[in-house]
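You will see two complexes here that share chain A, one where it goes with chain B and one where it goes with chain C.
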Partner chain A sequence: MNFTYFLFFVCIVICTLIITYWAARRSQTTFQFYTAAGELTGIQNGMAIAGDYISAASFLGIVGAIALNGYDGFLYSLGFLVSYLVVLLFVAEPIHHLGKYSLGDVICARFPSNQIRWIMAIGSFIISIFYMIPQLVASGLLIRLLLDLDYTTSVLIIGSLMTVYVVFGGMIATSWVQIVKTILLMSSTFLLSLIVFSYYNWDINDLLQKVKAGTPFGDQFFMPGHLLSNPYEMISLYVALILGTAGLPHILIRFYTVKNAAEVRKSVLTASWIIGLFYVMTLVLGLGTAAVIGYDELIVADSTGNLAAPLLAKALGGDFLLAFVSAIAFTTVVAVVAGLVISATTAFSHDLYHHIFKKGKTTEKEQLRAAQWSAFGIGLISTLFALGLKNINVTFLVSLTFIVAASSNLPIILFTIYWKRFSQTGAIIGMVSGLVASLSLLVLGPHIMNVENGWILREPIFSLYNPGIIAIPIGFLGAIIGSLLFPGREKVDFETFYIKAQTGISIRRGND
Partner chain B sequence: MPKTIEFEKIEQTEEFQHLKRRKYRFIFTIPVIFLLYYLTFPILSAYAKPLMSSIVFGNITFGYLFGISYYLVIWTLAFVYVFKAKQYDREVENIIAKYGPKEKEKGA
Partner chain C sequence: MDAILKWKKERRLFLIWLTILSIIFYLSLPIALAIIPEWMNASPIGSITWAWIYAFLQVIMTWIIGWIYWIKAKQLDKLVAQIKQEASE
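Showing the complex of A and B:
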């Protein structure tokens, strides 16, 4: 590792640890630990949401996808933006009004029962862990390539940093690490985009001509069909992307960190601006890579295209810029995994430990200890898993989490908030059927069953890589049919619940 | 503490019914229309390649312009919602002031 890399790397580690130290003194109650005491402003929270959401996979992967596949890579990035409209209109404000710390709180506000807490906690836990492990594995491989550390060291560094942030600094440290990451990521992609334009003397037509020359697709580069040739696959992917975000627990619990509905809306709006602008810039960077580096050289460096942005940085600004971009990729990774650790921690220590095992009878101090120990345990176990999964391709788990979120969490959240005849049994059936459908279709699908390189070497029984188009309707139907077959007895209460959801009339944050 | 809130009474009030109607009309029509608009994109990309790849000017294809149009539409819709939501908030404030718990704290 040369000196420039080392310098950037150490700067970032020290900077985030200072944040954690500062946050640790403000994380003395569960309210502070889980929700940063609701004291973030809408704009800060929006930046943290963007920091939670834009993973290294999308920073590096989408630039690569656009450089290699042109149009289809661009399509992919649009789905992420659209998803925020669903979040804004349907779920953000009611979740803020109903819950205290976790997603389980929201559903239990209408159906107070241990069964509901169990399934919501398990759902949140599975989604967060499935999302985190591939991130850790991918980042281990990535840091190895960029910083020339071996895989084990990279995973250990990232794993221990994320654990330290969450254990000592809770939501406050996590949020501020994410905010710092968003600022760094946005400014560096903006800078790189400007350099790409100036490289071609601000002549966009010249850039596009060079793009055509740089890729084997030529004119075809600007046309669809290179990445996803099957239309069902395409539609399935989009549906999972736009609906999935509204069911991702690590995004949704961020709505507890602001103080009122107006700030919630401001958060989503800020996040969608940042994410939207970010993907416009990835388009520029993707095209820039195709023009400056060219398809052949990119595919030789790394067949997945993940090295597109680093290669571009190196070609345009030499080692210094490459070191800078690598450091940003590193920050991106730690910010995202820290967000996932805190969401898994909340599900475990607040829902399972506090509400179920201890029946809500723990002191403030015990809860805080429990949260810190869970964060430690979750960090440790995921790091160990990531170390063991080095040679196994687990990236598909990320798209799986969107499908699980859209098919099991989202129907429950939407029906709980908006449907009068929804019942507790309906919630359980919906959750379980969505989860079972997405997992089993995945196992039967080509990610696992593949003649060439699957875990099970045979023809897939189910042909789509993205089973969302089947699994999401199954989750919704399960919830509907379950409610109609087993109607709840608590119909009158819906009015009460509904008023709470829409007005936030009953929230007394921090003192119950 | 909020035990004094009479939810059934609030549900019956003209103010709450008004809020509910207006909010539902907005949040359930706009996204449906938008979803259709959104899904035309992959469908056109899959089945109408000549249209999507027809050149509008320079090297810019219809598909890219269509894609960029989403940014405008999404941000416009988000702003419209935020604008509307401010009115909903005002109605909510009125309802809470009129029927809510008397010892309500500021900022909750």
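Showing the complex of A and C:
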């Protein structure tokens, strides 16, 4: 690995470890460990959310998807961005008002029971782990390509870093690493975009002409349909993306890190502005790659298109810019996986250990130790998993997490907050049906059952790559039917609950 | 209790309208791509097609809707403060 790369790489590692050291001295209580003591401002939290959300898959994958397929790649970006409206309008503030550390807290605020806690904890845990593993695998491959380290070393480095950040620095370290990553990512993407424009002397028409010249699609490049072959895929993908974010535990728990509803709104708005700007810039980068590098050379370098951004950086700015972009990609990976580790840790240590196993009777010190040990265990196990999955195509796990989040978590969250007749049994049935539907449709679909390179070498029984359009309604229906068939005895008055969820005010009723 | 009812009604009305309009606006993109592809691929300005214009509009609308929500939420916050006052009396 040449010296420039090494230098950037070491810089990032040292900076993040300094952040962790600073955070460690302020992570002595569970309040600090799990939620940064609610001290982040709306804008800081917004930057952290953006940092948590934009993964290397977005940065590299979407630039590549746009470079290869044009319009359809941009559709991914749109889905990711629009999903923040769902979060803003329906779930962000209620989650902040109802829960303390985890998603389980939110649902248990209405249905206090171990059953519900189990199911929310397991759901959050599974989603976080399933999201994390493809990130680790992809990052291992990426770091190997860019920094010339072998896969095992790369995964070990990223795995150890993410574990150190969370064990010692908790949510504070995680948030600030994410904030730093956002700043670095946005500035480097902005820089690259400017370079792309200046390369074509700020003549957009020239750029667009060169794009058409650089791809076998020619004039047709800008037409939709190159990646998502039929309208059902398009709609299914779009809906899954729009609804998915509002069910992702690692994003939702970030609303505990600020102190009131106004800051929650600011967080989501800031995140959506950053994410929106980012995706517009990746559009520029994607088109730039098609124009400067061209389709053929890109496919030869990497058939998934993931090397588009680094190749573009190298073509426009030589080795130095490539090293810079690689370092950014690396920071992007660690920031996201750290967020996932703390999300899985919260589910395990707060919901399972503290509430269920220990029945809520542990001291502060015990809770903190449990959280730190959980983070260590989770980091270790995910790293080992990723090491074992080196040659396996795990990209389907990414679509899985969004679909599972939208079909099992989201219905439960929405109905808990808004539907009076929702019942505990309905919640369980909804969660299970969403999970089962997503998993089975994915296993029966072309990701896994693929005659060429699937895990099961047969024709797929279910034809959509994105089963969201079927799985998500099943999840919602399961929750609805379950509640209507098995209405529960309300332990919590819905009116009071609704007001608490929307405003944070606890009203004492019975005086009317 | 008056403030609570007023707040609930205003909020509910606002959210329902905003949601319906948003759903129509956002879902029309993939549906339009499916049903009227020829129209979506027509280019009114240079080589930029309606499909791309609509896509960019979705980005801008997201920011606008977010901003509308922010303003309305601030208004509703005043009602919430009233509720808080009544609750502590």
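Methods note: the second predicted complex is superposed on the first by the 503 of 512 C-alpha atoms of A that agree within 3 Å, B and C clash if a C-alpha of one lies under 4 Å from a C-alpha of the other, contacts with A are read in each partner's own complex, and residues count from 1 in each chain.
Keep this in mind: a residue touches a chain if its C-beta (ideal position, glycine included) is under 8 Å from a C-beta of that chain, and two chains touch if they have at least 3 such contacts.
Keep in mind that this is a model prediction, so the values were computed, not measured.
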Put the two structures on top of each other at chain A: do chain B and chain C fit, or clash?
-> clash
Just chain B (first), just chain C (second), both, or neither: which does A:N450 touch?
-> neither
For A:S440, is the partner it touches chain B (first), chain C (second), both, or none of the two (neither)?
-> neither
If you stack the two complexes on chain A, which partner ends up touching A:T29: first (chain B), second (chain C), both, or neither?
-> neither
Who does A:T304 touch here: chain B (first), chain C (second), both, or neither?
-> neither
Per the overlay, which chain contacts more chain A residues, chain B or chain C?
-> B
For A:I499, is the partner it touches chain B (first), chain C (second), both, or none of the two (neither)?
-> both
After superposition on chain A, the chain A residues reached by both chain B and chain C are 71, 74-75, 78, 81-82, 84-85, 88-90, 205, 208, 222-225, 231, 234-235, 238, 242, 261-262, 265, 268-269, 272-273, 276, 280, 499, 502-503, 505-508, 512
Please give the residue numbers of chain C that touch chain A in the complex, ascending.
-> 1, 4, 11, 15, 18-19, 22, 26-27, 29-31, 33-35, 37, 40-41, 46-47, 49, 51-52, 55, 58-59, 62-63, 65-67, 69-70, 73-74, 77, 80, 83-84, 87
For the chain A and chain B complex, residues of the former touching the latter = 71, 74-75, 78, 81-82, 84-86, 88-90, 93, 204-205, 208-209, 212, 220, 222-225, 231, 234-235, 238, 242, 259-262, 265-266, 268-269, 272-273, 276, 280, 492, 495-496, 498-500, 502-509, 512
In their shared complex, chain A is touched by residues of chain B numbered 1-2, 5, 7-8, 10-11, 16, 19-20, 23, 27, 30-31, 34, 38-39, 41-43, 45-47, 49, 52-53, 58-59, 61, 63-64, 67, 70-71, 74-75, 77-79, 81-82, 85-86, 89, 92, 95-96, 100-101, 105, 107-108
Residues of chain A that touch chain C when the two form their complex | 71, 74-75, 78, 81-82, 84-85, 88-90, 205, 208, 222-225, 231, 234-235, 238-239, 242, 261-262, 265, 268-269, 272-273, 276, 279-280, 499, 502-503, 505-508, 512
